Each structure stands twice: as structure tokens, then as C-alpha cells.
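Here chain A shows up in two complexes: once beside chain B, once beside chain C.
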Partner chain A sequence: MSWFEKLQNLDRRYIYIVVALCIIIPFTFTFHTNTYTTEPVENIYQLIDSYAGREDRAILLSIEHDPSTSPELQPMEIAIVRHCFERGVKVFFLTFRITASPIIDYVINTTKEEFADIQSGVDYVNFGYKPAALYLPIILGMGDDIAEAVETDSEGRKLNNLEIMKGIKNYNEMNLVVEFSGSSYGFGWITYARSRFGANVAAGITAVMAADTYPYIQSGQLVGVLGGLKGAAEYEKLVDLFAVNQLEFSKEQEKQTFPRINNDDILYKFKTARIGMNAQNVAHVMIIVFILIGNIGYFLERRRKNKQGEGS
Partner chain B sequence: MIETIGIWVAAFLTLSIFSFLYKDNPFYKFAEHLYIGVSMGYGIPLMYKLSFIPFVYKPIFKMHEFILIIPALMGIMFWFRFSRKWGWMARYPMVFFMGIAGMGVPLSMHASVLVQMRSAMLPWENFNIFLIFLGTITILMYFYFSKAHTGLYGKFTKIGIWYMMIGFGASFGYTVMARISLLIGRIQFLMYDWLGFGH
Partner chain C sequence: MKRQIPLLIVITLGLLFMAHAFIPHKISQDFYNQWYREWVKAVSPFAALLGIYSLINVHVRKIKRKAHNWQYSIATLLGIIVTAVAGFGWGSESGSPSSWIYENIMMPLCATIFALLAFYIASAAYKAFRARSIEATVLLAAAIIVMLGRVALGAAITHWIPDATKWILTVPNLAAKRGIALGVGLGMTATSLKIILGIERTYLGGGD
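Now for the complex of A and B:
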């Protein structure tokens, strides 16, 4: 039995140990890797950034996932909220999923800790949880009047009384909805808000779903997509590079500059995805090696069986 | 103090679940059963606090919006499914929901079919658009089973198969990334929150 054939019959528990080590070691010795951004992520960043400091523009983050997909989706939510807080973009939060309600609070509080001046009702507002039965009435109703469709925020305040709502009426002003979801739940925004009112829609989704969204990017129905941990890492980089320094986006600068993630200049919570991508990179290389070994072993085994068949 | 206890409990349960990778054991069984129980136990009070109180109790009993009694009754009618005698009553709210879903059919048709078809019919201004056109046509040809996949037609369907294989490969790659990300999330919790690395 050759070395490759022995590997074919290897106890799967050894593979688990190798996978665990591939992830633990990069966390133990944090090193710097370059993150390169892609167009779907840059499009979302640039659109949000174009609303900086404007009274008559806002974005809506529709958070529709539970804690099971938080490792992928939470870093991108924090990165976008941080971008909005840094650049003075009005941001609304909403969920139709009851278990997402505490996640919204966590994302807001985690980001807000670093921004002393940010106030609820002035810079952001959490519409809170709305029952799924109101999904259609709210999405369609926001096309006419957001304050009328949503009525109150998570603290029970009338939206009409909030300072943040000045200059914001419907999708003409709240002209970007970013849906964070671990499933295809979020395509309601494309179906209703995009088709009916022409609202810009973007998606922050788990990597499992990312491939399915590309037809919607190609057709222009999605402005952009943050796909899994990689998408989150890209957005984190853009925020560190441009939003924190109050700079306009520049592709040339993005290609040449890489904020260091292996020192303390950037808080851990704002580089979670990029540190995670270190482990992801190592794990991917390991999986490629495993697939290659498995295939070589398979072909060697098949050749041996063919030879045995010819001999007998 | 409470937070520290929470982190230790979460770490213990995470390790208990991971212990299944070695083999089935009482720690895993305990964590698995606890997870299912806690999921239900967590969801019900959350539903009561965030859904029943603000959208049913307060509007009807505090603000006297009595019109809301009708949807509340329709919601209660769902529970009649558990009775053989009165189960038919659950059909009425179900029909109402189906009617609402039907409202979305024209817009879904527009978003998922018509716009997608339009974007597959663009002039070949660049090579990518040609590739999308070729992929769409050849995959549709593959799924036409009233003609044998032989000769020139068979060659086109082969191209369709290649397109699908590349698509499956991309999906698989993304799936690996997603699963590893979840593991990364847990390891980050164990190393940073529990063991205190990076603090």
C-alpha cells in the first residue's frame, strides 16, 4: 500500500486535529496579510460614503439572521455601522426576525462605545423588531412614508418626533437597504422595494449564499454584496483606510495601502474579520492540499485496480 | 461576574459539542439537549415580550385599537389545527396568508424572471456578457430532455454541463469558506473571550 493509499484510509479525527491547528496557530501568532477589495464591496462602500453629512440621505440595515451565522455577518454589520458613524451617515436598523433583535442592540452598542457623540434618534434609530406578518405592509408602506409605515422605534418613540427623520420621507431619501441574512430571506427587498420603488438594495450574506447572488449583481438589482468573512474583511479595510481618515475612496490608494492588523493601532472588534481571514487562508491551503492528496490517491487506486483486472 | 460565568458556561458547552468529533459521549448529549431546550425557552419569552405585548396587548387593551382583535382572533384560529373536530378553522387564516403571498407573485415574476432574462439578452459588448449568454443557452439546452443529447446538440449540452460544474465548484468553495468561518468564530471566542489572548 502506497503512502497516498494509506492517506485515503486515514482516521478522520487526524484531519480534525489538522483543521483545528490550522485555525488555532494563526490566532496564537497574529500575522499581517494583505486584504484586496473587490468591486461588489467597493460599490456598497462608495454609495454609503456618498451620503456622508447629508440631511436628506439615510441607509437602512435590515438584519435578518440569528446568532448561528453571527461569526460571518456581525463583523460586516459592525464595519458598516462604524463607517456611518465615522462619516455622519444616518442609519436605520430593522428586523423581521425576533432572534435578530438582540443582535442589533449588540452591533449598535459595540460600535457606539468608540463614538461618544453618537445619539439614538439623532444619528441612528433602531426601528426594532416588526412581526413577519407586517413584512409586506412595511416594505411597501416605506415607499410612501417611512414614519407612517414603521410608526415607532424599538424604544416606543414616534418616528415623526425624531430629529433623524428630518428630511427623510421614503425610499427617495433612504435610498439604500442592506440586508444581512444567512438565507434567501432578504430577496424581498429586491422584489418589492427595488422593483416597485427603485430603491438601491445590497446584501451582506453568508458565503454559502454568495454564489447565488451574482446574477442579481450582474442584472443591477443588487448594488453590491458582502460575501462571508472575506466581504467583511474587505469592508473593514475600506473603513480603516478611508472613512477613519475622512478620505474619499481611491482605487489606487486601496491597491497600495494595507492597514496593519498585527499591532494595536486598530481595536480588535474592528479587525475581527481580517484576523479571521488569516486562519481562513491557512485552512483553505490545507483543504486544497487534502483535495489534491485525495484525488491523487483515488487515481492511483483506480490504476492499481485496472492493472489487477488486466492481470487476472 | 455574571459575564465571566456566562463565558465559562459557553466555553464548556462549545467544547462539549466539539467532543463529538472524537466520538459520541455524555457531554455532547447534554449540550445537544440543552441547546434544543434553550432555543425554545429563549424564543417563547422573546416572542411574548417583543411581539405579543407591543403588537397585541398594548394596542388592544391600553390604546383601545379594537380593530386589532380581528387579526388576533385569526392568529388564535391557527391553534385549532391541534383539534380534529375544530381543525377546519385553521384554514381561514391560512387562506388569508396565501392571499397575501399571491400579492407578491407579479413582482416576484418581474424581479426573478423578467429582469434576469433581460440581463441575459444584452448585446455582446464584452467577452463576459458573451460567456453569460453562452452559459444560459447551453444550460437551458441541457435541461431540455425531449431531444437526445447527441451530435451537435450534445456538444452544446456538454458545454452546459461544464458551466454547471464550475458553478457547483464555486458554491462548494464558498460553502467551505462559510463552514470554516463558523469554526473560526468559535475558536475566536475560545481564544480571545475565554482564554484572554490578544487582551
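Now for the complex of A and C:
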């Protein structure tokens, strides 16, 4: 067997070892890489930031994923919640998936640890799990009256009795819905909340789903998208750069400043996406190298066979 | 009657929902707010019960017949029973058995299955991603540009890579995705109309 044939038929276990090392090493030894933000992420950030300190504005995070996609989606959820807590934006949580209910608790608790003054029912409220059969009635019902459509929060409290609901009636006030999902991109919210009530809709999705959302971004049906770990890393950077320092968004400043992630200035839980992007960086390069080696082997092998054909 | 009554329900409700969606009159709004919203709350638990009954029925029959891979059915049934007992018995609060099952079984299983994807993608990229034709070469070049453009290294090499990535995603990708979405949308509309008008009846079972 020639060297090229060996290369073509490389045992996949060697590939698996290389993949494992390429992912584990960047997580173990954190190094700094620059994260550049993109327009779909900046749009979400700026819209949420425009609600800072307003009694009559709130956002809804509809968390619709299993633990399988948490490594990609949870950092973006934590980043948005942190942004809201830093800037005094009212935030609601909701899920139609029973398996996502503990994820909401985890996101809230992880972020809340660093904010002593944040209170449930005042600064945020978790509507909790609602059966999927009520998906449509709740989405459409919130267009009239959120408190009537959802009725109670995850702790069984009547929404009407909660302080956070003062000044919040329907999508006119809760003017942004961000759906986090591994298999959808806010389609239900676009169809019913956006087209019928004019609610702004954004999506936090896995990287493999990101390509599907571009038609909706262009048409304005989605105000923005957080695509995979990169989207989460971008949002983390914006929060560190502007929200934490109580600054307005500035593209110029964003282009020039890169908060360091390889020291202890930022808590680990608030930079997991950026550290994860290091692993993704190495993994992408490794896959590209694999593709190139595979193709070089393929072409050399084909040329050798062609020559043999000509010779015989 | 067994087929006509369900057909009548589908046609009547289908037309009512169409009217509700397109006619913003008080009657159509009341139909939705005062009737549908309350009904769906009452009906959905029965749908859940039907689903559980169907799942148990399928797996019990599989075990009885010793069908192919019947052992997995035992795991499924045990999963349903244990989770249901834990949930009904102790609730789903943090620290409860249900929460323990979620954190120690569900989460690691989900994470493991999804993490395997990275290994399969890398292996498939090496073994199968070949520039065998012009189309395959274009796909390969686009994949390499987008993969580099999505990580810091791409921008570090040259700003052309992130710019090219953006162009690929917002022009050819967008056009293809929109074409597919329009096709799917038209297909859904046609199928829905066929169901509402009673032309498509396969959902009634037995084929027609």
C-alpha cells in the first residue's frame, strides 16, 4: 500500500485523538484571542440596552432547548441576563419544554450570584414551564394581556400581584422576545407575535442553524441573531465592554478594545463562550487541515492511477 | 360516521380559524379568546394521556412479541415509570429525585450524544469531503472560508476572510434558504387547504 493510500485510509481513531486534543488543550490552557462583533449581535445588544432603566419596557427570554445544546446556548443566555441585570432591564423567562425548566433556574442563579440587589418579581420573573399545547394561546394571548395569558409564575404567584408587571401589559411594553433553541429560530414568535402584534423577535441558536436565519434578518422579521458559540462570545464581549462600565455602544470602541480573557479580570462563567471559541478556533483549523490533507492524498492518488493507466 | 364526524370537525374548525386569522371582527376574536383558549386547556391533558397510552402500548407489545431490540423497550418503560414516580412523588424542585435524574442522567447523556458530533464531523470531513467535481470544489472552498471566517484566526489573517464569509452567508446562502422556505411555505399552504377542504384524508387512518 502506497503512502497516499495509507493517508486515504487512515484509521479514524487517530482522527478522534487529534480532535479530542484540539478541544481539550485550549480549554485547559486559556489564551487570548480577539473577538469581533457582527451586526446581528450588535442589533440585539443595542435594542436591549435602549430599555435600560425603563419601567415600561421588558424583554422575554423563551428558552427552548435541552441540555445537549447548553454549551452553545447557555453562555448567550447568561450574557443577556447579565446585560439586563447590569443595566436595569426587566427580564422575563418562559419555556414550553419541561427539559428546559432547570436550565432557566441555572441561568438565573449563575448570573444572580454576582448581583446582590436583584430580586425575583421585581427585576426579573420566571414564568416557568408551560405545556406545549398552550404555545399558541400564550403567544397570542400575550398580545392582549401577559398577566392573563400566563396567569402565574414558576413559584405560583399571580403575575398581576408582582411589582415587575407595573407598566407592562402586552407586546407594546414587552417589546423583544429572544428564543433560544437548537432546532428552531423563533418561528412561532415571528409568525404570531411579530406579524400580528409587531413584537421584535430575535433568536439565539446553534451554529448549524445560523445559516437558516439570514432571510429573516434581511426581511427584518428577526432583529438579530446570536449564532452558536461565536454569537455568545460576541455578546459577552459587548457586555464586558459597555454594560459593565455603564457605557453606550460604540462601534469604534468595539473595534479597538478586546477585554483580556487569559487573566482573572473577568469571572470564568462570564467568558465561557470566548474560552470555548479558542477550542473552536483550533478545531476549525484542524478540520481544514484534515480536508486539505485528504484532498492532497486524493489528487496524488488519482494522478498516480492516471499515470499507471497511460503506462499500461 | 366514524370518518364523517372527524372530517366535519376538521373542516368546520379549519374554516373558523381561517376566518379568525383574516377577519378582525369581534365575533372572530371572541371565538378565539373565549372559546378556543379555554377549550385547548381542557383538551391538551387528554392528548398527553393518549400519547402516554400509545407509547406504553407500543413498547409492551414489543416486549410481549420479543421483537427486534425489545430490551430497549424495557429501558423506555422503566424510564417513564421511574421519572413519573419521582415527579409525582417528590416534585421537581432542586434536590428532589426528579432533579437528580435530570442532572445526573439526562444532562450527561444529552451532552455526550451531542459532543460526539465533533468527532463525526472531523472524520467525515477527512474521509468524504473531496473536490471530485466543480460543484464539490465550490462547496469545499465556501466551507473553508466560512469555517475560517467564524473564528478569530480568519480575521487575524486578513479582513477579507470575514468579509467573504459575510457575503457567502448573506447572498448565495440567503437566496437558497429563501427559495427553500418559499417552496416549503407554498407546500404547507396547499396541504393545509387540502385538509380543510377534505381532499387530503390520510390523517384519518386507513388510507383513502
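Things worth noting here:
We take it that the second predicted complex is superposed on the first by the 305 of 312 C-alpha atoms of A that agree within 3 Å, B and C clash if a C-alpha of one lies under 4 Å from a C-alpha of the other, contacts with A are read in each partner's own complex, and residues count from 1 in each chain.
The rule we apply is simple: contacts are C-beta pairs under 8 Å (C-beta built on N, C-alpha and C of every residue); 3 or more make two chains touch, one makes a residue touch a chain.
In this text the structure is predicted, and so the values were computed from the model without any measurement.
Overlap between chain B and chain C is detected when the two structures are superposed via chain A.
Within the superposed three-chain model, A:Y16 lies in touch with chain B and with chain C [touch as defined at top].
When both complexes are overlaid on chain A, the residue A:I293 reaches chain C alone and has no touch with chain B.
With both structures placed on the common chain, the touch criterion links A:I190 to chain B but leaves chain C unconnected. Judged by the touch definition given at the top, the superposed model places A:S70 against both chain B and chain C. When both complexes are overlaid on chain A, the residue A:G167 reaches neither chain B nor chain C.
In the superposed model, A:G198 makes contact with neither chain B nor chain C. When the two structures are aligned on the shared chain, A:G141 is found in touch with chain C, with no touch to chain B. Put simply, chain A uses residues 16, 19-20, 23, 68-71, 99, 101, 131, 133, 136, 207, 210-212, 215, 218, 228, 230, 280, 283-284, 287 to touch chain B in one complex and chain C in the other. On the chain A side of its complex with chain B, the touching residues are 13, 16, 19-20, 23-24, 27-28, 30, 68-72, 98-99, 101, 128-129, 131, 133, 136, 156, 187, 190-192, 194-196, 206-212, 215, 218-221, 227-230, 268, 272, 275-276, 279-280, 283-284, 287.
By the touch rule above, chain A contacts chain C in their complex via residues 10, 12, 15-16, 18-20, 23, 33-36, 38, 66-71, 99, 101-102, 105, 131, 133-134, 136-137, 140-141, 144, 207, 210-212, 214-215, 218, 228, 230, 277, 280-281, 283-288, 290-291, 293-295, 298-299. Across the complex, chain C meets chain A through its residues 32-33, 36-37, 40-41, 43-44, 47-48, 92, 94, 99, 102-103, 106-107, 110-111, 113-114, 118-119, 121-123, 125-127, 129-132, 140, 143-144, 147-148, 150-153, 155-156, 162, 166, 169-170, 173-174, 177-178, 181.
Looking at the complex, you find that chain B touches chain A at residues 21-22, 42-43, 46-47, 50-51, 54-55, 71, 100, 103-104, 107-108, 110-112, 115-116, 118-119, 132, 167, 170-171, 174-178, 180-188, 191-192, 197-198.
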